[in-house]
Each structure stands twice: as structure tokens, then as C-alpha cells.
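Each structure below appears as C-alpha cells.
Both of the next two complexes hold subunit A, though its partner changes from subunit B to subunit C.
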Partner chain A sequence: MTSAPLDKGLPLKRSRLSHTATYWLVFGAVLALLVAAPLVLPVFWSGFLTEILIWGLLAMSSDLLIGYTGIVSFGHSAFFGLGMYGAAAALLLVSPPNLWLAIVFGLVGAAGAALCVAYFSTRIRDIYFAIATLIFAQIFYVIIFTWTSVTGGENGLIFDQPHFAIPFIVNVPFHTATMHWFVLAVVTASYLTLRRITQSPFGMVLQSIRENEARTRAIGYPVERYKIVSVMISGLFAGLAGALYAIQKEFAAPDFVYFLTSGETVIYNLIGGVGTLVGPIVGAGFFQLLRQFMAQWFGDQFPYLIPLGLVFIAMIIFLPQGLLGFARRWLNK
Partner chain B sequence: MRAEALLDGGSPVDGGGAASTPLLKTEMLTVRFGGLAALSEVNFQVAREEVRAVIGPNGAGKSTFFNCLTGVLRPSGGRIIFNGEDITGLRSNLISQKGIARSYQITNILPNATALENVRIAAQSRRHAWNMVSHHSAFADINARAEAALQSVGLLGKAGELAANLSHGEQRNLEIGIALATEPKLLCLDEPTAGMSAAETNETKELIRRIAKDLTILIVEHDMEVVMELCDRITVLHYGQILAEGTPEEIQANPKVLEVYLKT
Partner chain C sequence: MASIGQFLHSIPVDLLIIQTINGIVTGMILALVASGLTLIFGIMDVVNFAHGELFMLGAYMGVVAFAMTGNFWLALALAALIIGIFGAALQIVTLRPLIGRSPLNTILATFGISLVLQNYALWQFGPVARKMAEPISAEFTLFYLQYPWYRIVIALLSGAIISALWLFLKFNRYGVWIRATTQDRVMAQAMGIPVPLVYTGVFGLGAAMAAVSGVLFAPFGGVDSSMGLQWVLEAFIVVVVGGMGNLGGSIVAAIFISLLEAYAAVWLDPSQAVIASFVVLILTLLFRPTGLFAAPK
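Now for the complex of A and B:
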């Protein structure tokens, strides 16, 4: 009797193995290209690629909610911003500026914001959730914008870049390439962590909530608690992106806490393909490059949002699953 | 009849209650929607390992009754005692954890997951649910539980198939499989054969007969043939009240029941 299920399991196993090999091959190839990029790209484009990775991390964190839990957050500017200002606080208060402390402070800041948003917003559903997160993000924006004595208000904060330091082993200042590699390492580790979370039993519960919330509750899951934890995790990774951005750019500005950042994060997801984790990174890259090229070709004053908007409309009509949506099942196996 | 059957079955399995105490009991269960009483003062009992049908014309309160039992609706009055415990007004996730599972009238599976993933999500709701570091397919106990559930609804051969690609009958049976994977003590089936062909209905009938061997089952069903064949006892609801209760033979011979069914 028990041998029957085993036989059925075998063909599944085999296809899984070849899938795993292909997946890691593609993963390795893309990673190798990204590692090699600063060696061949000019300094400006190398830094630009680093920035894309950071936006990609922010988008990926948001995908955990949009693509897996099935809730759309417009609060990611708050998580990103608190990550940014948290890092800024560490870099300004501690001398010499410490890289790891900046990241930890950023994570703590984002966790605080995420806890607030998660606790109150997950009680409501659908569009109301999105609006509640938006309101929370704007509250954080107003606080940061007006509390000039602490946050620098409109002008933001400027600070020095920390060195890349591991106590007793290495202590070197970053340059464009090493910063890129550091960000790449963090983003890659984040991707692998998020991927594992989405494949875990916990991740399956999130996807079950996305597909059918009432049913998920009916088979025994306290849905709100899962949503709270998923918002917390998502917020932490968004905060990590904010901290990285502060470290790369050496400033923190209230513009990034404005809800535009949240909106762009959602757009990265839609362009790249929700529920794929890597899709949003591609979406962020596509968006940033398009904007950059338009500024280069037509000048800074060019109203780039108009053609960009047309491109989105076209994509939503002709590519509703996003650039990597076709690979969704394959990426999540 | 029923008492003898229970004695034949040997001593009660659950330490919690003796075989003589009902598994499920409602006392004066009432649900009002505004001025309308969808259920009024329903006193209802199901013995352990019984298969019970709840029938009645449309609007009799059958679905409301199920919704109350499974925590979808909060009753306006009365109590629900399950396995000796008051579960009135608990949310559906807690009710599920107590051991009441439900299959839905409308097919309610996760269409973009495979049949196995559908039951596995249900199976892991009792253990490992918060694990974030292991692959969801890596747990032998969950896989065994999920495969057993698929086997008992005859879908083991389609384990890797996307739920959306299953036939209507198979999807309905997968619904039952999901409910079974939560290891319930009481299984509530809401019109399990609705929309099925005659052949599919027969299969599902056999399936219910098979799983009924060690489960208490409540069925809401319109197909009288299914009800008469499968159930030990039948409860007839009419306008939110219990009109009659008894064995299939008694119900078939009950003039009040005949009148209600002929009128509608």
C-alpha cells in the first residue's frame, strides 16, 4: 500500500532535479554577469547598476506582499525611509561611522515602522489595506519633513560613507566596484532568504491567503497573524534597501519617504512580474534605465513621466504578467 | 440501531468524551438577519461516527447552520458544544483546530497549486506551519498525511496536476481531501455532489462511504438518493426550525416532510 505513493513521487522528483540544476545554472550565470559588471562598465553606469540592485531589493521586499500574500502595500516608502534615516542616525552619531551599525539601525527603524503598519493595517482588507499603509507612510513623511532639528527637514542629512570593515581582518574605504559587490552580496543573500521563505510552509500559507483568504482561515490558519509577520519581513527587507541606499549615496532625504517611492515600488513589481521575486528587480532596472535614457536623450527638463506612463499602459495591456511573469511557476518550484 | 452500532465498534477512541455523549450538540441555536430568523432555537445532536444529513427546501437554514458550526457566522443566540467544549462564536481557524472541517458548496480550492499542494497546505496547518527555513515539501509527516488524504479521495494519481486542470468532479473531491487533511473529528460536506454527473455522483458516494468508517459526517445535500443511501439519520430543517428527525425510512414516511417537499 505504501509503495504506491512512492512510485508516484518518483517522476516528480526527477523533473525537480533537472529543474534545480537549470535554475542554479541560470542563477550562477546572472550572478557572474553582475559580479563582472563593474570591471567593464564605466564608473557612472556601475554606480547606476548598484542603485538598480537597491531599488530591486525594495521591489522584491514588496513582492512578498503583492505577489505572495496578495496584499498591496503603499507603505514601503516608510520602511525604506526609516531604513535610510536609521542608517543615517548610526553614521552621524557613532564615530568612526560603522557599516554594520548603520545596517542594524536601519533595520531597527524599518522594523518599528513595519510593526506600526502591520499591526493596524492587517486588520482591514484589500484596497483599505493599501490606503491604510499609504496613510501611515505619509504620517512618517510628515514627521520626517517637519522635525527639522533631528531629521534635517527638507534638506535631509549628509554624512560620510563608512568603511568596509570586519574587525581585526579588514578595514578599507569603499570604491565604486567594492560598493557594488557589497550591495550585490546583500541583495543576493536577501533574494535567497526571501526565496526560501516563500518556499517554506510559512510561505505556502501566505500564497494560500493570496489565493483564498476565507479558505485559508477555514483550514485552521490565523490569517491576520500571518499577514502581520509577512508585512514585518517585507518591511525589514525594504529597510535594508533604505540603509544600503543611504550608505551608497551618503545622504538621507525626505523625498524618499514620500509616497511616490511606494508607488514606484508597486510599478517595479507590475513591470517585472509579481510573485517571482527576481521579476521586480528586472522591473526596477527597466524603469530606472528608461528614465535615465530619456533624461539623457531629451534633457533633464523632459517630462519623462508621460512616455513612461504610455509604456506602462502598453505593458499592462500586452504583458499583463510582467517581464518575468511567464517564468513564475518555474522560479517558485 | 445506532447505539448497537457504537457498541459493536468497541470502546470510544477519544479520551475526552464517552461514546454516549454526542460529538456535536447545539442548544437553542439562533441566527437572526435583521428581523428574519434564519435559524431559531435549533437543538441538534450528532453522535460519534454517525453520518447525518441535514435537508430542507431552499432557504430552510441549512447553509446558515453550517456557517455557524464552522465559525463563518456568529450565532445570535444559543450554544454550540463540540466534543464537550463550548465553541460558540469562535473564529473559523480555531474551529478548524478543534476538529471541524468543511467542504464548500462552491468549489474553493487553490486553482494555481497542484492537487498535492492543495492538501499539503491543509495538512501543515497542524504542524510546521510557521517554519520559514525548510522547503515546504521536505516534511515526511506532512507529505504522508497529504498523500493519505489524496488517496482517500482517489486523487493520488493526479497529485502533480494543477487543481485548475482537474475535472469538476475531481475538484469537488479534492475539496473533501483538503478537509480530510486537517484530520477532523467532524466533517461537514456542503452539497458534495452538486453539479456532478451520475457517474461522478456514484464515485463521490463511494468515497463518502469509505471515509465515513472512522469519521462523523454531516451532509447538506439535495440529491435524496445520496442522502437515503449514505446517512444513518436525517434532520429536516424548515424555516430555520427542525421539522423532523429520524432514520431515512422514518423521514420518507413522515407526512409533515412530504407536505413540505411537495409544496416547494
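Now for the complex of A and C:
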């Protein structure tokens, strides 16, 4: 579409590159840095970066709800956890363990949880939605924690890492760098998909629900159905993050289904900046790095959530758009 | 018919009666927690995530004050006073700057507060649960149990506090301020009521009530840093089932939910009995999203 005549009348200093070109240049540069990271970084930090990407994916999935549909989910630990236990099921039941099957199982598990949460919680608005998702996540936590014979209860499940396998072409075990590249590929693909979704007509409707739900309904959009689909999509990506985490760490534990994971997901979003998709990844990185540094400086037992919680409260009061909030419009253009 | 008779015989009547009393006692404490929560929501539209943490800190304050003074009732009053002032300070520092922003901002801020307080308690008091002696050691015989009178006293005391709150809201000058602000804050301000001060006062009052319930609960549950989340979840369920901002509804709902969980615990593991109240919540959200006991507007 050619730009409207209004744009031409503004003799502003425009950058020589178009917005699209700049965007993809920056995107490529960041991606290149992330690809090169495991070649430069020591093994520990490389694995750490992989973990940040996975948390970032979880946070990004939640951003679809917080930043675009305008509803806050406190139940993302359920999707993440079901993805994790789904992957665990595939890795334990099928031998030899298959990477793709683990991801598919994880997605199926998360989709089940998401369907349930979406169907019930989207009937209610604002705060009630947040409370309902929180309680749903807690139901899943209680079930996973007490159903010891299947889920291993408090101890969780331990399994072997699958090989990276494409049938007839390649079958190699993962090591730190290849795992990083694999996760990076999945997260990048997810980012591009989510970005496409938010820019599609469907995403526009979601944003219009965020801006004015009553008006969107009055125009004739079935708001509940749009919300259900957005919760489902969000849950699927959260489940993908859970499956990746299970594959990277080779275990599944009920701690990750606990409310704290959902809470931290919301914190990543708020710190990084909602409605930007990449902001939550930055937020996750910021949070995990601070946590790691505090553990190194003050010991493992240091209650890192006290200073991080204070930072979080201060950010809500003084910087509600988050670290990348300034770039929000640019990123969504 | 025989099978029905068998089933009726298999119901442990004595156990059910014990669980009824247990349910009512827990329900009264829960009602005290939930009425603070619903009061804060009704007046400020703030869902206070940190309410469970105020409950937990109140219990810890009670344990500490009890160890220092040796008098349970003095410890109760001290804990209520300290946590009440603390709550008011918390409101001034963190929530007052957020007035006028989206309610989601305030829920996130109180969530941050709850994280900080919970981890502070864990860091300060350690992971081992603290015990507290019951101030009244007399017991009466209930079937095969020696049932402590203390629990009955708790239920009565909670009822008395809630009644006092109701009378305060109904007849006291400041209670009328609170009700006026709940109904129409702009008009209340225009009539000369210092609305920001009322906000702070109500938050402090709610915090003090949470602290009282925490101290009352401490002797029979033990005190640890994670108890807050469990209680705030139950209180959320109660407040939603009873109707947000509806004081009477949340008291009825608190007793209803606690009885239900107590009966469920006869047949289920206590950790799974929680699911019963989750189910009630989901059904409420499906069929009466404004709450089971909400007055039609």
C-alpha cells in the first residue's frame, strides 16, 4: 500500500533506510550475535543464554495476552508445566527418545490445559481473569504434585536427552552449542510467527479488545471467541517453552508448575516492556542475569526475590512501559 | 434398598460432626481474612495479592510478641497494631502513586509486594515452621476426641470482630466515610471526605484484620512463610464466590467453602480437598460470575 498523502506533507528528517530495512538489519544483527554466542562464551554462560531464550519464549507467549489482548494471565506455569510433563511422557514412554515426538507431546499437553483454562476463564474480565487463571494453574499443580505414581510427585521425572534427528539425514547427540542453536531456531521462528499473528487482522482485533472491549463487541466481533483463541495460541507457545526446557535440562519438576513461575513470567513482561514481543525476552534476560549475579556475590541462599521484587515494584510505579517500552511503536510497525 | 442402607451406615456421622465444627472454625478465620480483602477491593478496586503475606507476617509478629510478652492477647493486639501501621505505610508508598492507573497495575504491584514479603519472611525466620502454644488449654470431649475450647473461642472472636466491623461501617462517622467512598468516590470527595486518607485507613484496617486472623490461626496450624499464598488463594475464591466487595456474601461463602473442604477431607487427602473449592469457584464463574450471594444491581 502506498503511504497516505498525509505522510508526504511532513518534511521531517527521515532516515535513509526504510523502516522495514532497518528493522530486519537490527533483527539480523541481534540474531547473528546470538548465533555466535556459544562460540565465544564459556560452556556455563552458553547454557545460561539458552535458558534465558526459553524463559523469553515463555514470557513472549504471555505477552500476546498482556500486551495485545490486554488480559493478564497468572496461569502460564500450567501451560509451561504441561508442556514439560508432556515432553517427559514422550521421552520416557518412547524409546529411543525422539526429539520431535517430545515437542509434539508437550504441545498436546499444553493445548489441553490451554483449552480448559481458555474456555472457563475468558468468560470473565480483568482481575477476575487473572484470579481464575491463577487458580487453574494451582489445580494443575495440586494434581501433578499429588499424583505421585504418574508424575513422580515432589521428585519429578528424570529422563535422557533425545538426539537431534531428522529422519534419514542426521542423528547426532546434542551438545551445548547445538542445543543453543536449536533453541534459538525455535524461539526465532516463534517470534516471527507471533509477530505475524499480532500484525494480522486477527491480531488487530485482539488489540482492539485491549483498547476497548465494549466497542469491539458492539462492532460485531465475538470477543469471547477471540480471547479463547488468543489464550490457546499463548498456551501453545508456553507449552513449547516447557518442552524445550525439559529437553535442555533432562528433568521435569512440579516446582515449575507452581504459581511462582507464572509470577516470574509476568515480571519478565513488565520489566522488558509489554506489547513488544522482544521486550519480554530482554526482561527474562535482565531478571535471570541479576539473579545469577546475586547468587554469585551473596551465595545461593540469598533471597534474590527481595531486591528483584523491589525493582519490579519501582518499575511499575516509575517505568510502566518497561525497558523496551520506548521502542514499542517501532517494533510493531 | 439394602445397598442404600449400607451406604448410610458407612457415613461416619461422628466424623462429619467433628468436621462441621472444624469447618466453621476455619470458615470464621477465612471470613475475617476475606472481609479485609473485600473491603479493600470494594473501596479501591485493588485486588490485594499481598493480603496473604500480611496474614503470614501477622502470625509471625504474634509469635515474636508472644515470645517477648508471654501474653497471647497482648501479642494479638500488638501484631494487629504493627501490621495495621505497616499496611498503611505500604499503601502510601506503593499503591498511592498508582491511583488512577489501570487496576492491573495495582494487582501487579501488590503481587510484587507479596513476593518481597514472602521472601523476607523466609530469609528472616527460616524455612522451619514456628509453633505457638494455645492460650486456652481447656478441652471438652467430642465423641472420641478431646476438642480444644480454643477453637470455639476463635470462631466466636472472629464473629465478634466481623460484627464490630459491620457496626463500625454502619454507625461510626469514619465508617460512613468508608461507605460513602465505596459508593461514589468523586461525590465523597466533593462532600469533604479526605478520600486518599480513607484509602490508606482502609488498607491499614484490612491489614490489621489479616494480622489478627494470622495470630488466631497460628496455634493450630504453625507459622511458615508459604502459608500466605494458600490463604490468599482461599480468600480469593471466597471473595469471588461471595461477590466482590460484598461483605455479607463473603462471610457466608467463607463458611460454605470451609465446610465443603472439611467434608471433602473426610474422603480425600487434605491437599486434594482444595480441589473441591476450586470446583465451586469454576461453577460460580460459569453460572453466576458476579458471585453466588451478590445482590442484584
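Operating definition for what follows: the second predicted complex is superposed on the first by the 314 of 333 C-alpha atoms of A that agree within 3 Å, B and C clash if a C-alpha of one lies under 4 Å from a C-alpha of the other, contacts with A are read in each partner's own complex, and residues count from 1 in each chain.
The working rule: contacts are C-beta pairs under 8 Å (C-beta built on N, C-alpha and C of every residue); 3 or more make two chains touch, one makes a residue touch a chain.
Since this is a predicted model, take the numbers as computed values, not measurements.
In the overlay built on the shared chain, the residue A:P320 is in contact with subunit C alone; subunit B does not reach it. Once chain A of one complex is fitted onto chain A of the other, the partner contacts of A:A36 are absent, as it touches neither subunit B nor subunit C.
In the superposition on chain A, A:I135 makes contact with subunit C only, while subunit B stays out of contact range.
Partner contacting the larger number of subunit A residues, of subunit B and subunit C: C.
Within the superposed three-chain model, A:P222 lies in touch with subunit B and out of touch with subunit C [touch as defined at top]. Once chain A of one complex is fitted onto chain A of the other, the partner contacts of A:P303 are limited to subunit C, with no touch recorded for subunit B. Counting contacts by the rule stated earlier, no residue of subunit A appears in both its interface with subunit B and its interface with subunit C.
On subunit C, the positions that touch subunit A within their shared complex are 47, 94, 97-98, 101, 103-105, 107-109, 111-113, 115-116, 118-120, 122-123, 229, 233, 236-237, 240, 244, 269, 271-272, 274-275, 278, 281-282, 285-286, 289. By the touch criterion stated above, subunit A contacts subunit C in their complex at residues 72, 120-121, 123-124, 126-128, 130-132, 134-135, 138-139, 142-143, 145-146, 259, 263, 266-267, 270, 303, 305-306, 308-310, 312-313, 316-317, 320. Taken in their complex, subunit B has these residues touching subunit A: 70-72, 91-93, 96-97, 101-102, 104, 108-113, 117, 120-122, 124-126, 128-136, 139, 142, 144, 147, 151, 156-157, 159-160, 178-179, 181-182.
Note for the complex: subunit A touches subunit B at residues 4-5, 8, 11-12, 196-197, 199-205, 207-208, 211-212, 214-223.
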